[in-house]
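Next up, some structures in structure tokens.
In the two complexes below, chain A is the common chain; its partner is chain B in one and chain C in the other.
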Partner chain A sequence: MDEPGIAIVTRDRFLASIEARRGQAGAVAATIAAAYGIDLPSAGRWAGGADIAFAWAGPGEWSAIADRPIARDLAGRLAGQAAVTDQSDGWHLTEVSGLRVRDTLAKMLPIDLDPAALPPGAVALTRAGHIDLRLRHLSAGVYELAVFRSLGADFAGWLEASAAEFR
Partner chain B sequence: MRLTCPHCGNRGIEEFAYGGDADRRRPDGEPFGQAWMDYVYLRRNPAGAHREWWYHASGCRAWLVVTRDTTTHVVASVQEVAR
Partner chain C sequence: MTGRRLATGGTIDRARPIAFHFDGQAYRGFAGDTLASALLGAGVALVGRSFKYHRPRGILSAGPEEPNALVELRDGARREPNTRATTVELHDGLVATSQNRWPSLRHDVMAVNGLLSPIFTAGFYYKTFMWPAAFWEKVYEPLIRRAAGLGRAAAVADPDHYEKATAFCDVLVIGAGPAGLDAALVAARAGDRVILAEQDFVLGGRLLSERGRDPIAELGDLPNLRVMTRTTVTGVYDGGTYAAIERVADHLAIPGQHQPRQRLWRLVARRAVLAAGAIERPLAFGDNDRPGVMLAGAVRTYVNRFGVAPGSRAVVFANNDDGARTVADLHAAGIEVAALVDPRPVPSAATIAAAQAANARLAAGVSIQRARGRLGVRDVELSDGTTIACDLVAMSGGWNPTLHLTSHLGGKPRWDEKIASFVPGGLPPGMTVVGAAAGDFGSGYEIAPLWRVRGTRGKSFVDFQNDVTVDDVALAAREGFRAVEHLKRYTTLGMATDQGKTSNVTGLAIMAELTGRGIPATGTTTFRPPFTPAAIGAFAGHHRGRDFRPTRRTPMHGWAAEQGAVFVETGLWLRAQYFLRPGESDWLTATNREVRAVREAVGLCDVTTLGKIDIQGADAAEFLDRVYVNGWKTLPVGRCRYGLMLREDGFAFDDGTTARLGPEHFLMTTTTANAGTVWRHLEFCRKVLWPDLDVQMTSVTEQWAQVALAGPRAPDVLARLTDVSLPHMGLAETTIMDGIEARLFRLSFSGERAYEIAVPARHGEALVRRLMAEGDAFGITPYGLEAIGLLRLEKGHVVGSELNGQTTAGDLGLARMMSAKKDFIGRVMAGRPALVDPERPVLVGLKPREPGAILAGGAHLLPQGAVATAANDQGYVTSVGYSPQLGSWIALGLLARGRERLGETVRAYDPVRGRDTPVEVVSPVFYDPEGSRLHG
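So, the complex of A and B:
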């Protein structure tokens, strides 16, 4: 079967925010590397895999995205180094892919989506219209879009409408 | 107008919120009077170089100090505020 013009899948993941305490970013990175074997990514990047990943979420901040509950484990390991908050209920996650995925996203996202500017491994904190959004470029042409859950239905409506012509 | 965030790169102005003149100073310790009136209400509104706060609201949520020419919108510098 040909690759679809656009494919949209809602994802359930366990999320936690990590905010390094003042001067503790290095210690946080060391803890994460020792515990999960992942180097905390620098600005505009994510690292890890489908089981657990860490996405840059701002200066000194990261988001953990996992296939299992993660916040309690992180909070224990990072005690004194970072504030950890379970965000699993807070975000609406969508995975989009397909031949016309960038044409769809370009209708609302004000950033350069060309793989030269936003390659796999990249994270962009931006907005879709008035909805703040975190984008992860997972693998070539596959994107994860995270918005606050209260805006998820609105966002899904926009995404469906924008994708309709590429179905 | 676009700003180059030190963390996120070059972004459109719709991602940012304006925070006003970066050189104003609160007249802490002054009794309520002219100094507070000036601080709250009066702006220099220069034609030319201006240092101003910008917040990357839809991005990394960092506060930035931007030096901008108000007559041309040419941005001379964007600096992160020390955390």
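So, the complex of A and C:
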């Protein structure tokens, strides 16, 4: 079957926010590397895989995205090094892909989606209109979009409308 | 004039005829036509009536500068007024109607304005409708409004949708004429990401219009070159940002399914190349607006691009060498050229040769004085006294570079004597101008300016769209409106849909001539976005109606809707205002029932929308000490405390309860309305003011669904879910409902025994359904914002109406919370004399003296017997509600020295609603002042 113009899938993931305590960013990185074998990413990047990944969220801040509950485990490992907060229910996650995915997203996001500017592995903290949004470029042409849960229905409606002509 | 289709030539597809209607009449054109070329090809010369004098008008130009041929495109809900026929791509089923005429285009009774023209001069309205002054609003303005305007907008909602989109590039090329095509190809071949934007539906620009030019070079399939036709770049903004309107479906009668009509592009470009070409100037001679008088370059466009002969016998009138080209093209197309009229005493060799070749009379050193013929030109009178019969006048007063975009960021165009026009001056950062837009008209372009033909009879129009004549400019000069901006406002020169694209330079040149100042000293008006008219819908894009702004819904939204909730917007959130039970029809009945349930049994309310901020770190308590007026270091783990924040200026900012989850772990709540503002404030505090503090913050508003359970039976309901028992202001982290993580708080906003239960958001709906089931036996009732408002009002708790940015902690009766043992934001400024003035209005309760009297927010508080003047004003009513417990309307208000005036009667004076109600000043706590029910 031909690749569809656009495919939209809602994802259920377990999330946690990590914010290093003052002066502890290095220790946090060491703990994560030792526990998960992942180097915490620098600005505008994410690292890891489908089971667990870490996305840059600001100076000394990361979001963990996992396929299993993760907050408690992280909080234990990072005790004294970082504030860990469960955010598994706070976000609405959508995965979008397809031949016209960038044309669709161009209707919503004010950022340069060209793979040269935003390659796989990139994270963008941006906005879709008035909706704060975190974009992860997962693999070539596959993007994960995270918006606040309360805005999920509204955002989905806009995404559907923007994608409609490419279906 | 008798336009017709030529047998050959042009880029139209003669194999694809297209049927369309104009003024109810069926016509045929071809694919590749514009509405204008199709009308000319069908022999239609008269297409509109002018704005003020209702003079018959034809087609002047072949582009977006068109001032005359404005039509209503489409019908019904899709009717679009003032559409330029010269830019409308002909399509099957196109329906267009002429406008600004009655009863018909050929017989327009409003043309009587033309006979009255001596009084309809510049400044007519200002001079005529001055007395009596009272007549302006009631009589004159409505009359003028009815007579003014051009087309009619559709009176119903636009059925189509619009979009906004963003694209990035290294080089944005604006215009796909010869210069733009070159620039785009060179940049793309060099590897740059290029966007080529062209307003026309095909590429080529003047290449399409000039005879003997090669067809457009194939742009090839360069992946880094994006060609956007039907796309007009309309504005230049900071940071290399450009706005463009893409007319996605304007060439279709009805857009395809899911197809937007137009798309507003935000183009972000490192560099831009402006290759927008040039716009030709008309010549100002008598009755130069007769149908059949056209711009020479447009005549060439109709002949060469569309295969249309706009007339059968032409006179060419030009002050530059484009006249020669026009003569040659007309001759080549088999159209008779009666004369080439050239005001230059010694025409160029090319001009002489062209006239000879076409067998046309060359009238050198001569001008057309006047065109004759009412609905179409019949002949022209020359200044040498001769008259030449013709049905087409092709005129050229020279060309103006299309430099509008260069001045959107303040660049001032510069006068260039050589081409007698303005050329780009200062440019927006990153912009380069090439080709005709830069004033590069090639080596053969020679011009002798002719701004007006003197000694004419009839009206010499400068601005065709606004019916501004040479005489109007002269009148403005005589009356002192000599600055270009005054000239524009006084005469309306350069206003409306074409923004003077064909008239501005001529108008100000005439002003320069009349005042003797010269053109550079006279200057030019400012060009602002948009370059051409844009549909408002495109600026809204997806965001119209319910989508105007995003909507936030709580996890319990669906449940609330099932329960009959009527929702209200609070910020972006939708919250239940009240719940209508079967048989209930008004908010007050529902609210009274909900309030009684909370006071007498148990109520349940969704409080998810309160801002929730998780605060951790070694200095978390210190941080709270600094942002709240009260102290936090003594708060035990497992307890909550009410906190108040001030702004830097000392006024009250926000309030809420904050819980201590651990020694270095707090959970702050904010009001729903201020959640975002408080978050930004705290971020500023910790990252900018006190980066040395070890504080981490995360918003958990979205993570937790939260339900308030309030009323004397609340403990009974809670006991069905957990055996945890809490002291007043206590909190516990536990699990409920088979292992769901939960946070329990014993907090009360209603004055009743009350709890708040928080669970991860995905479980919010299950929690509320479970509570409803367990509470059924106790009469559990969902309540909404109206009930919350009344319950807190009875207790004198302040909300946004009192925390309104103008009140201090002292005003609100919270001065005792302000710790003297520590510093906090707002402390110093709160001590300013005006903020501690004992005369300040302070929070009081208000009760009507007469039972049953209704109170309203915003009423002013005046002493009894005092005249209702600002000087006597002592405060105002902030919140009102009907208390079913007290059987009376009650209110909170701010009253000068209010706390000292309990028992006094004042007036609640409400001129808006026409009420003047005596009210008693009482304590703001109306209900259970001892607080016994909290602990009951």
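Couple of notes before you dig in:
Going forward, the second predicted complex is superposed on the first by the 167 of 167 C-alpha atoms of A that agree within 3 Å, B and C clash if a C-alpha of one lies under 4 Å from a C-alpha of the other, contacts with A are read in each partner's own complex, and residues count from 1 in each chain.
Just so we're on the same page, a contact is a pair of C-beta atoms (placed from the backbone, for glycine too) under 8 Å apart; a residue touches a chain by one contact, two chains touch by 3 or more.
None of these values were measured; they are calculated from a predicted model.
By the touch criterion stated above, A:L99 is placed in contact with neither chain B nor chain C.
Once the two complexes are overlaid on the shared chain, A:A82 sits against chain C while remaining clear of chain B. In the superposition on chain A, contact of A:A164 is made with chain C only, not with chain B.
Of the two partner chains, chain B is the only one that A:A124 touches; chain C does not reach it.
Looking at the shared chain after the overlay, A:F155 reaches chain C, while chain B stays out of its contact range. Counting residues of chain A touched by each partner, chain B versus chain C, the larger count belongs to C. In the superposition on chain A, contact of A:A35 is made with neither chain B nor chain C. When the two complexes are overlaid on their common chain A, residue A:R22 makes contact with chain B and with chain C alike. With both structures placed on the common chain, the touch criterion links A:P110 to chain B and to chain C.
Annotation: chain A residues 22, 110-111 touch chain B in one complex and chain C in the other. Here chain C touches chain A in the complex through residues 161, 163-168, 193, 256-260, 266, 268, 542-543, 547, 549-555, 572-573, 614, 616-618, 692-694, 696-705, 760-763, going by the rule given at the top.
By the touch rule above, chain A contacts chain B in their complex via residues 22, 43-44, 58-60, 110-111, 124-127, 132. Residues 7-9, 11-12, 14-15, 57-62, 80, 83 of chain B are the ones that touch chain A when the two sit in their complex. Contact residues of chain A toward chain C in the complex are 17, 19-22, 82-83, 85-91, 106-107, 109-112, 114, 117, 129-131, 148-151, 153-155, 157-158, 161-162, 164-165, 167.
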